[in-house]
Amino acid sequence: MTIVLQQLVLGVLIGGLYGLAAAGLSLIFGVMKVLNVAHGELIMLGGYGAFWLFALSGLDPFAALVVVIPVALVGGAILYWGLFGWVVRYHEETRIKNSLLIGFGLGLALHAAAVQLWTADERSITTAYAGSVLDVGGVSLPVVRLASLVIAFVLIGGLHLLLNHWRWGRAIRATADDWEAALMTGIDVRRAYLIAFAIGTALAGAAGTLVSVGYSISPSIGLEWTLKALIVVVLAGLGSMLGTFAGGLILGVAEACSAMVFGGPYREVVGLVIFLVVLVARPQGLFAK
Amino acid sequence: MRPASAAAGLVIVAALAAVPLVVRREDILNFLFLVLLSIALAQSWNVIAGYAGQVNLGHAAFFGLGALVTRVLWIAGTPVVIGMVAGALVAVVFALLIGWAAFRLRGAYFAIGTLALSEIFRITVGNTLAEISTLPQTTIATYRLANRYWLALALAVLAIAAVAALARSRLGLGMQAIREDEDAAGATGVDALRLKLIALVCSTALAGLVGGCFAYYHISFYPSHLFSPGWTFDAVLMTFIGGVGTLHGPVLGAIFYVFFKEYLAIRWVDFHLLIFGALFVGIVLLLPGGLVEAMGKLRGLLESAAFTPDRRRPRPEHR
Amino acid sequence: MLHVDNVEASYGPFLALSGATLEVRVGEIVALLGPNGAGKTTLIRCIAGLLRPRAGGIRWDGASLASVAAHRIVERGIAVVPEGRRLFATMTVEEHLDLGAFAPHAHAGRVQRLEEVYTIFPVLRERRGQLVRALSGGQQQMVAIGRALMAAPRLLILDEPSLGLAPRIVESILGVLGEINRRGVSILLVEQNVQAALVLAHRGYILESGRIVGEGTGAALMDDPHVKRAYLGPLALRH
């Protein structure tokens, strides 16, 4: 019994990161109808950022968030100005199509660059407290992963508050709901797009940092995490950040169950199958507004 | 097709067919094989994405299914052509399943659905068929590269002919209408779902055949590699660089890509992906017509330089 | 204040406006009438900056609006209540009104203006925390008008505010418009309810097939035989 509980708990712990990864993607897609399939590569870059900060200066990865998040914010702004900002000229369908293609090329380029720079080896940050484990009723909770879950929740909660109480947060939501009405209300929709894209990228960077310390990173995790994020976004639906977080937890638990029933190697498959099932049965997602 | 281009095409095909009879060097034959197979693969993606406007990010799934089924049947004793047809059929079946589910919805569902499908296959095949697949000694002893070459040539010709026929047909025009504006096309009575599915069937059948040819050619490989996203990347890059939605684009793109890739692979392994990825993004944003468009513009420049600047095209009024 | 001069506008190859000219002077209520598809909404979109005219000009306060970005139009003093209300599906009443004051110039007096809006539409005060999806059509229209009012406009443009609403609600909303006008806001009213619009308006224009075919004071238009036949009589053009 404890083994099952243990697996489920581990599933929840990583599920929080899935939720965080998905939140950034969901925000960007919800607001500007741009699907950045290189989102996973941005997560990967965030992970490498934290890794090198740690390797070169000993900066604790959780502390590194303070550096990674602002850098990723700026990075996201640059990506918007340089790349994705250009597709918003088009109407929605072409926008989605072109953003898929651009994201595809970007992901390819980033992955190849990462392999060139850092080799294809897996890396992980091992801090002094890496092995610490909290024992709760026979179930062991790795402290690092627990902290990551908490931080992921805090970040998403923060995003939720931002979207509801910050002037530009509401402007972003308005843009997501009806961009022409937003324009008529005096909202600079392009700036809303920029802000949403920057925040989404910042969340990706944060997720990457948390992945590098609790798990491991390599150039190939890009596609994997893009798919996880996509699965959660489709599962949870657009519009609710907290719903997206819940969707991430659900995916984590589903993976844990699948690994227990079908065996470890099939852990990844269940998420993809869930995706296809949701596609057929309820494409708008579980928690869509 | 104009008689001049048809004749030129026949000459080129005949010349290519004669190559194995004249050239003995395996590396040249291998290189040409790769180019021909790539042309076919690129054209297959071109059908669904370039003409019907549906971005398929999991093309590897259909290539892989064709390859896997062909390989399994062929090693078990089935004639390879039958194996290839079976492979293409299996690919089409899965394509219809995902197409039916995703085409009802708009947006990115088809793209991501196909991506999910190809990853599901890659992981599942990687788990269930983890061992390398190698041709038995008897087969290796009687291996003739020329046969593979001619098969690839036939596939390339088939692919180009299919796209050429499609582009001119009513089906093809309907598909292009959907690509431009699905709502508008629907309003004029075009059955979008049916056309998208037809395009998908053509596209994945071709991809399946290409996969089958690959299975016939390669002596050994890991089955999961057949579903590697790299195949999708290759198809997408080649088509776009050459000119998506055109007949010649994938051909140009394939030649350019294979040549460049083989040249770069001598020095750096993954570097070509970085360059191509960046080039691809540039093309999507700045020159969506790819090499075909670039060549057209170059030709236009040369032509206008030859004539006196007398012709002025009327410019539209709006800002 | 607002001068629309011979504006032509098209959606792709389709010419929606082939020369519309109208004027809204300070303190007026101007009605813009005409059948469905005449180009009324197109004209509003041009003024709002969502569609660039291919010919002609729009001047506000003497300055051309041609190069003004859509989100800046509000800053200049023009607020639009779009056709079909175009509310934000995931937001509450109060969030809408708060957003209405998004533009920099409107930010300052927003608390006070919110009070004014709640005074004009008391039912919104009761339902301030509710999602707009849960409101009736008439209440949603009030939210849309309130959102526009929060921008402290000098010109309020409304596109078919009575669409889909019961006559009693329409009456009360048009009454409110009269009240708003008395407080100093000029109004450009696109309406299908010609009778009510002409009673309220000082002047009106008739737009048919992309061009202005008639103009005059409210009373004069009501007596006009063409208007009577096409829009007011038993055989009036059905919308």
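Labels for the chains are A, B and C, by order of writing; each one numbers its residues from 1.
Everything below uses one rule, namely that contacts are C-beta pairs under 8 Å (C-beta built on N, C-alpha and C of every residue); 3 or more make two chains touch, one makes a residue touch a chain.
Nothing here was measured: the structure is a model prediction, and the numbers come from that model.
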{"item": "Chain with minimal offset from the mean of all protein Cα atoms", "value": "A"}
{"item": "Longest centre-to-centre distance from chain C, chain (CA-based)", "value": "B"}
{"item": "Separation of mean Cα positions, chain C and chain A [Å, integer]", "value": "42"}
{"item": "Mean-CA-position distance for chain B and chain A (Å)", "value": "32"}
{"item": "Centre distance in Å when chain B and chain C are each reduced to the mean of their C-alpha atoms", "value": "53"}
{"item": "Contacts with 2+ other chains: residues of chain A", "value": "none"}
{"item": "Complex interface listing, chain A residues touching chain C", "value": "167, 170-171, 173-174, 176-178, 180-189, 239, 289"}
{"item": "Residues of chain B defined as touching chain A within the complex", "value": "53, 55, 57, 98, 101-102, 105-109, 111-113, 115-117, 119-120, 123-124, 126-127, 182, 229, 233, 236-237, 240, 268, 270-274, 276-278, 280-281, 284-285"}
{"item": "Chain A residues touching chain B - in the complex, by the definition given at the top", "value": "35, 37, 83, 86-87, 92-93, 96-98, 100-102, 104-113, 115-116, 223, 227, 230-231, 234, 265-266, 268-269, 272-273, 275-276, 279-280, 283"}
{"item": "Contact set on chain C toward chain A in their complex", "value": "48-50, 69-75, 79-80, 82, 86-91, 95, 98-100, 102-103, 106, 147, 151"}
